[in-house]
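In the part that follows, the structures are each spelled out as structure tokens.
Shared chain: subunit A. Partners: subunit B in the first complex, subunit C in the second.
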Partner chain A sequence: MHNASKHLLFILAPLVVVFALLPGVYQNHLLLFNFVIFLILAQGVNIIYGFTGYLPFGYVGFFGAGAYGFAIMVMHLQTPAPLAVLVGGAVAVVLGLLLTPLLRLSGAYFAIANLAASLAVLHFVANPALEGITKGPYGVSLTGTFNPTHAYYAAVVVMALTVGAVVYLKNSPFGLALQAVREDAVSASMAGVNIIKMRVIAWLASALVAGLAGGIYAWYVSVFYPDNVFSGEFSIFAIVFALFGGVATITGPIVGVLILYGIYNLIGFTTPQYFQLIYGLLIMGLVLFLPAGLVSLATRRGWHVP
Partner chain B sequence: MSPEKAPILEVSKLVKRFGGFHALDGLSFHVVPGEILGLVGPNGSGKTTAINVISGLYAPDGGEVVFDNVSSGGIASHKLVHRGINRTFQVPKPFLSLSVRENIQVALAYGGATDAPSIAELLEEYRLKEVADRPAADLNSAQQKMLDLTRALATRPRLLLLDELAAGLNPAELDWIAGRIKALAATGMAIIVVEHLMGFIEQITDRVIVLNAGKEIFEGTLATAVREPQVIEVFLGGEHAH
Partner chain C sequence: MTYALVAGVLFGLYFSLVGIGLNLVFGVMRIVNLAHGDILMLGAFIALGVVGIAGIDPLFAVPLAFMVFVLAGVLLYWVLVPRLQGSANPEMLSIILFFGLSQVIEAVTTIFAGTSERSIQSRLLGTVFSTIKVKLFGGKPGGAGPIQIFGQGFPAPWVIAAITSLIAIGLVYLYLYHTRLGTLTRAVMSRRDEALATGIDVDRVSAAAFGIGLGIAAVAGVFAPFMFGSVTPAFGADATVTSFAIVVLGSLGNPLGTALGGVVYGLCYMLVQTYLSSWADLLPYVLLIVILLLRPSGLLGRRVRVA
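Coming up: the complex of A and B.
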């Protein structure tokens, strides 16, 4: 069987089936929804960081832009929710296009500039002068579209598409070329790769998935403030989950989210007083002993990890 | 090499400055299909800068580069690769975490060559078959140089620029790679070789250009060059001349 088919059959399909069926047997639907959102965001980080090497510290900017794109369409144009989600994705892509000059930067400079950009978008949206459009700092309350069940399944669909995109990157010359650009941009250009085009495509793809996730999040919660959907926690969590599992793989970010977000919630429920301590120690341990993520436990032994 | 062939590359009055430093200061030369041209000169004479400009890594500050009758100065590298120019690097630059095979696959997929050689062929010819599925980071420096060369050849260049490919190779490897380079030229590929190893240059080149301070000071065979007082002066210093 072709590698891509194997990955779709043995990674993507079980993931989708499990998350599609879980709401029937597990009652904490909000927790399941958050898992799916973080699976999308961690894979979005994987696309831009794992495959091109840009660490998006302001990744939440796309998520928030998607949430507000959704909200504005619903509030002002009474757009049906699924269509508004697509607009949310489109808004994030437009924001990504505006931010393409950041791709000239590298390393920490890119991360800092991206963080600053996401804060700028937050303050733009939360500006009281824009109350007529975004409701400014007073927050959004959407009536008429509230339907957590539909929003949940929309999230599962976007998760499937995002993981599918990563399966494509892992199995196509396009994904290989992206990794070549990450490894050495000069050599990649001498292999005939248009490095600017490749970086922009990966950047916009990762913006799109975060925007769609943001739109679906707004659909699910219906009531939110700018600080909620532009919270730096989304960026940090998505990055930490992706790195914990291991980037530039299909399974790494999935494993990262399931384990780390699972532990996060477990500690939060059982021993909330030690929560920050335990979580912090876990992350420090990861950085010190497994800088290439959990999957490196297998790759170090010469096993191939999809 | 047949003298009646039209040049595939013509460089005229090329200038490249870095701040106040003139790395290239009016350099002119040409190369014809099937020819192996040596670029020699002391460190800092502008050899690598010339290769960097011809391969599109630097835009020239003056003068002209004409490849295959079309002006190519300042055009992005990947477009020049598609037109038929490629190069190796003084310090090889493979994609370290990708396997040897994947390194070549990128160039095959994106190099734009319609009649690209097969991966198996390249791996076999450049002695990389045994390490094909290992990450490029695991290769020794000679193997990394060969990988750099196969990455270039996978795009089927008509002009190949070799920047110190021979440095660090042992005598047996030198003989072998000299044979490979001559075989490539015999297919009609024009090759420019930047090299410090004079024996190697003598073995493979038809003609050399000696550079000093970004200018050509000699053109001809290496055997004649070593008898030129001006050439001896720039290599050994003024007191050794004559």
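Coming up: the complex of A and C.
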């Protein structure tokens, strides 16, 4: 069998089936929804960081932009929710286009500029001067479209598309070219790879999935404040989950989300500062001892990890 | 207008002090110290401790904070950095590593200084202000109350912080350009590989720079309660982004650049706050992005950027 169809059959299909069936047997739907959202975001980080090496430290900017794209469409134009989700994705892509000049920066400069960009978008949206459009810092309430069941399945669909995109990157000349650019941009461009086009496409693709996720998140929770949907935790969690599992693989980010977000929900909410301590130590340990993620435990032994 | 300008310069000098430690660490090691703001926060807690326990002028916290964090920085360097440098992409991973560190610092501070003690801190802060005023009456004859500059009155702590910042920047300049270790530091800053090849003990030089960077951050933190009104364990993250804006605005590996960056930042901050206050929050981020895109090497850059 072809590699790509193997990946689709043995990784993507079980994942989708499990998350489509779980609401029937497990009652905490919000938790399931958050798992799906983080799977999307972690894979989105994987697309841009794993395959191009740009660390999107302000990834949540796209997520929040998607959420507010959704909210503005619903509030001012009364569009149906699925269409508004697509608009949310489009808003994120437009933001991504605006931020393409950042790709000229390299290394830490990009990460810092991206972080600053996401904070700039947050303060822009939350500005009391724009209350007529975004409701400023007072938050939006979208009770008209509230429908968690539909939103959940929409999230599963987007997750399937995102994982599908990563499967494509892993098995296509395009993905290979991207990784070549990440490793050595000069050599890749000598070999005829159009570096700029490659990077921009990956950048916009990861912006798109985050925007769609943001739109669906807005649909699901229906009441939120700028600080919720632009919370830096989304970027950090998505990056840490992806890194913990191992980037530039299909399974790595999935494993990372399932394990780390699982732990988070087991110990998280009762004593936040102890949790923060454990989490910080975990992140430091991860970087110091397992910089290539969990999958490197297997690849070191010579096993192939998709 | 004069008020905004002078206040901008005073704040700007303080902001340069905030940024200069980060500049040293990033310039020498190519490590993004996301815990920089948390070191600032710890410095502020040292000041609170000095005032709360010993009941003396918080200025005494300056040498204490500096010594403690130089030592802590050297220790931390040997624990974290050599291992990090051995990995595939140290610059990126350092961001995540030091994010983890900042989480740990924040959590530990919250556990020890906690929510219960935070209410005491706000009461403490009042005594801090009165203490420094009393000290001023004794310490500076004629400088009672607000200090007069160009016919406008400014809070004395602002002026003291600005003067301390000037002294600190001067000392960093002396260190970098007039000591042996400083010359070696600049060598490592411009080309790490070649420095290593010429037999410079890169690790020792870097450890010293890391310690000094953290020490200066803690010194800046001592003044944070006066400049920003109050501090909480969560204060670190904002301070980090602001510091980055200042460092990038100036330029890497050039303390004078950071001083200029700080002053420019302070002036913009004060002017925007005076004339367009609802947009003032946006300023550091927009300024940071614009400068990064237009002049990645900073205002006084000498094209040191090879990252």
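What we mean here is this: the second predicted complex is superposed on the first by the 300 of 306 C-alpha atoms of A that agree within 3 Å, B and C clash if a C-alpha of one lies under 4 Å from a C-alpha of the other, contacts with A are read in each partner's own complex, and residues count from 1 in each chain.
Here is the rule we go by: a residue touches a chain if its C-beta (ideal position, glycine included) is under 8 Å from a C-beta of that chain, and two chains touch if they have at least 3 such contacts.
Keep in mind that what you see is a predicted model, and the values were worked out from it rather than measured.
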item	value
Combined model on subunit A where subunit B meets subunit C, clash or fit	fit
Which of subunit B and subunit C A:13 touches, first, second, both or neither	neither
Once both complexes are placed on the shared chain, angle at subunit A toward subunit B and subunit C, C-alpha, multiple of 10 degrees	80
Touching partner for A:105 - first (subunit B), second (subunit C), both, neither	second
First (subunit B), second (subunit C), both or neither touched by A:77	neither
Partner chain in contact with A:97 - subunit B first, subunit C second, else both or neither	neither
Touched partner set for A:266, first subunit B, second subunit C, both or neither	neither
Partner chain in contact with A:277 - subunit B first, subunit C second, else both or neither	second
Touching partner for A:173 - first (subunit B), second (subunit C), both, neither	first
Overlay on chain A, subunit C to subunit B nearest C-alpha distance, Å	10
Contact residues common to both interfaces of subunit A (with subunit B and with subunit C)	none
In the complex with subunit A, residue positions of subunit B that touch it	55-57, 76-78, 81-82, 86-87, 89, 93-98, 102-103, 105-107, 109-112, 148, 151-152, 154-155
List of subunit A residues in touch with subunit B within their complex	173, 176-177, 179-180, 183-184, 186-195, 248
Complex interface listing, subunit A residues touching subunit C	53, 55, 57, 101-102, 104-109, 111-113, 115-117, 119-120, 123-124, 127-129, 232, 236, 239-240, 243, 273-277, 279-284, 286-288, 291-292
For the subunit C and subunit A complex, residues of the former touching the latter	26, 30, 32, 80, 83-84, 87-89, 91-97, 99-108, 110-111, 237, 241, 244-245, 248, 278-279, 281-282, 284-286, 288-289, 292-293, 296, 305, 307
